[in-house]
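Each of the two complexes below includes subunit A, the first together with subunit B, the second together with subunit C.
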Partner chain A sequence: MRATFRAAMLESWANRRSFWTQLAAMFVNDIAWVAFWVLFFEEVGEVRGWARADALMLLAVITTAAGFVLGVTGNVRRVASVIADGELDAALALPTPTLVHLLARRIEPVNIGDLVFGCLLFALAGDPTPARIAVFAFGVVTAVFVYGGFLLALGSLAFRTGRGEVGELGFHAVTMLASYPVDIFSGPTKFVLYTVVPSAFVSSVPVRLLDSFDPQWAALGAGAALLSATIGVVSFQTGLRRYTSGAAWTRA
Partner chain B sequence: MTIVADRLARSFVTGRRRARRVVEAVQGLSFTVEPGERVAFIGPNGAGKSTSIKMLTGILHPTSGDATVLGRCPWRERRALTRDIGTLFGQRSQLWTELTPRQSYRMLGAIFGLDDRRLDRRTAELGALLDAEDLFDVPVRTHSLGQRMRCELAACLLHEPKILFLDEPTIGLDLLAKQRFREMVVRLNEAQHTTILLTSHDVADIEYVADRVIVINHGRLIYDDSVDRMRREYFATKLIEVGLMHPVDRFETLGASVVHQSDLSIRLVVDTQVLPVRDVVDALLERLPVADLSIVDPPLEDVIASIYRVRSS
Partner chain C sequence: MTWSALARAATTAARRTLAQPGLAVVSVGFYLLVTAAVTSLWRSAAEAHGGEIAGYSGLALTWYIVASEATVVAQRVRLIEEVGTEIGSGAIEPELLRPVAAVGVRLATEIGAVLPRLVACLVAGAGYAALVAGAPIATGSIGLALPSIVLAVVCNIAAQHAVAAASFWVRDAKSAWYLYHKFVFIAGGMLIPLEVLPESFESVARLLPFSAMAYAPARLASGYFEPGLLIGQALWTAVMLVAAVAMFARGERRLTAAP
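Right, the complex of A and B next:
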């Protein structure tokens, strides 16, 4: 894995101008989000218990977690298309765990920009005492596993459907929904955000822990992380038996 | 035996709901391969060649049947098997496009557990064998397809595999690059006794590389014999296409049959068991205002049709 990851780093670093441009573009995008939340809460003050500081922490958590998942394990967003297009062949020809190799194979500089931005935002606006840093790190780790596991499970559906779009749809759904406080939703929608599309665990739950640490919510976050990661890995590993190397779809 | 395939079968489900159907890509394929053999797996598009080779490398799981490669079941012991086999897919890359091949080889060397000294020695050996040393330090994205395939071949040979699976390795290459690639594969087999299993739908790949040919069509084995015998039995005809500088009225065909004639082109079929191609070409060059001339094999589809005809009669 270390060798694969090193090669992926070298590749993303091969075109340095592109690397820095992408990183900077994502910084600008994230700063626009900060401006949006600041202006929004300037106008409305508070929404269902969420204030400006909470929204900024939500942004810090989601950019750090999504930046890690999409930046460091860049192929996780492409799992469905990799399966549908038969691109797993190269990974399956090597004596490495296929999933680990696939995930370590690609680094996305644009999302590394998110990762760096999220950490900086927490450092600047998150009152980073040692205790809060620990809670932030815990929240980000659970968010990484929930987000990564969800994308992996959804992408692995391509073993059954043979379609690559499903991963992209899931990515947009969970990312967009995690960009807003879960408490602005209610009823069945809120239930969905804690279960089927677990975006609440990607951003709102870690922010709740930062706001006031509650062991029960921490356990819930850890449980969701474990469950999501397990579903993702099991979906991928069992799906490998059904892998068609793209043959079924090109011949149909 | 190096490879044993026993009634291997693989089906794919395609379409949805009413359009749903099952495609039998490979149906009950059985054959064996001895160490050091050069075997060509041929058949038209969709015949099941790639599916078969991917089952034998553990990439695909069969629907039914069994196989062993170097004594291992490919799909159950894939990771262990990949240490002893090399796979090259013409349309799939093992190299990082933005990196030089040498950088990719470092990663592959680490995966295969080669230490730096062994990797450097092996890279130098392969550079010399494949005449590709000058390509190893140039980013892959700047390579031509032919150059890239040479580097891909080196990548799958780094760990000194006992068997090399080549799936359509010459696809997309120009004539010169194809010929060069074929020569390298033969050199490799002769120098290191590597067993070669090659899929192709290019007849020339088989003639230059293989000493045994397995023909499959619609997922079934329809022919398994030496290339020499197949050449005698089914490649006994050559097609000669002649471009003319100006129209001609009549000419002697020397026993070759004319299958097409227009003002500025003639196409003839020569039975090489009756008449050497060279005699016909000499006569054509002497008697006709030849602007262009090419000799080609009969299309693979015609060969397969002939095999079917012979087998059914």
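Right, the complex of A and C next:
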């Protein structure tokens, strides 16, 4: 496991110029989002209890969590295509657990940029006292498990369907919806964001905890993280039993 | 001969898009998600702001976002990177041997591939807007918005080819797609109407080509009857097409002149 992770790190670090270019590109991307929220709240003031500072914390949480999931366990977004293209064959022959190997095998520098940016944004705009740092870390950890588990579960659908479109759409859905405050939605849509597409737990719930820590919401966040991760792992493991070789000898 | 070849390239690309319904579903699904999220945000903002922001009501903002998102989401988001990679890797070289200009075929192919996705997104978006907000405010401006949306797409594709052509000279130019899209997002008015920007920023944004790629059709779709926007778009589209052709011609000369 450690060797796999080390190999993934060395691979992403091999072209250092490209590594830094990608990191910088993601920084520019995230700064544009900061500009959007600043301009938006400059004009609007406050929307359904959300102000500029909350929106910036939302951005800090989602970039840190998504940056970790997509950057450090980069293959989690590719699970469906790895399965559909028969690329799991190489991983099955290894003495390490297939899922662990798959997740540790790829590091995406562009998303590492997100991870670094999210932490920096919190440090600069999040009023980082020791208590707030702890709540931020807790929120990010729960968001990582919710987000990662959801992507893994959707990607594992490819074991049954042989196609990756649902996984791709699910990725866009949870990422896009988590980029906005959950309170701008109402009625059944809001319910969906706490259940079927759990984007509220990826960003809005951690921000609510940062705003005023509530043990009930914290427990709900932790429960969602546990449930999502469990569903992701179980979906992958049960799907793996159905997997038939793609007869392709590649690196997973 | 050349025009018929380009038309055939566009038609073939359109057919290829239509033959991949799975990708179209993802594309339209993603478009609806973005549109739902951004319109919800703006409608909530209008509601909190006395029903109107910078002259846009909740209904107008909904149709604004439906149009602005369709012009951008229907396209391949990493077009600059993909074209840049093909130039940088030399994969483009066989295209230079053909009797038709490589950039012409690429532009025609890309436009042909985008149009079916654009139509699907617009149909879905119009249905969504009518359902959650109501019918468009003015049918006259919607009539102008349709050609404006097509011009926006052509202008954007041409501009992306002009930027990607930098890969003939610079190795890492393909990463420019991130920066390019952020300009379209903010200075182009895709996420935020230009009237909402601070005055100085708004003045600069209106002078840039990015406003022809999202703001112009969105402004028309939101109910403002401003035919001048179409003229501005036509000019920027011509400039971007000439820029793309010129950049590729210079790049190809550099490639063939190299020892």
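Details
By our rule, the second predicted complex is superposed on the first by the 245 of 252 C-alpha atoms of A that agree within 3 Å, B and C clash if a C-alpha of one lies under 4 Å from a C-alpha of the other, contacts with A are read in each partner's own complex, and residues count from 1 in each chain.
Definition applied: a contact is a pair of C-beta atoms (placed from the backbone, for glycine too) under 8 Å apart; a residue touches a chain by one contact, two chains touch by 3 or more.
None of these values were measured; they are calculated from a predicted model.
After superposition onto subunit A, partners subunit B and subunit C are found to sit side by side with no clash.
With both structures placed on the common chain, the touch criterion links A:Arg6 to subunit B but leaves subunit C unconnected. Superposition on the shared chain A places subunit B and subunit C such that, viewed from the Cα centre of subunit A, they span 90 degrees in steps of 10.
In the superposition on chain A, A:Phe36 contacts subunit C only, with no contact to subunit B.
Of the two partner chains placed by superposition, only subunit C is touched by A:His172; subunit B is not.
Once chain A of one complex is fitted onto chain A of the other, the partner contacts of A:Arg17 are limited to subunit C, with no touch recorded for subunit B. For the overlaid pair of complexes, the smallest distance between C-alpha atoms of subunit B and those of subunit C rounds to 14 Å. When both complexes are aligned on chain A by C-alpha atoms, no subunit A residue touches subunit B in the first and subunit C in the second. Residues of subunit A touching subunit B in their complex: 2-4, 6-8, 10-11, 14-15, 86-90, 92-97, 241-245, 247-249, 251-252.
Note for the complex: subunit C touches subunit A at residues 22-23, 25-26, 29-30, 33-34, 36-38, 40-41, 44-45, 48-49, 53-54, 172, 175, 178-179, 182, 185-186, 191-192, 196-198. The residues of subunit A lying in touch with subunit C in their complex are 17-18, 21-22, 24-26, 28-29, 32, 35-36, 39-40, 42-48, 163, 165, 168-169, 172-173, 176-177, 179-181, 183-185, 189. By the touch criterion stated above, subunit B contacts subunit A in their complex at residues 12-15, 23, 25, 46, 50-51, 54, 57-61, 78-80, 82-83, 87, 89, 92-94, 96-99, 103-104, 106-112, 139, 156.
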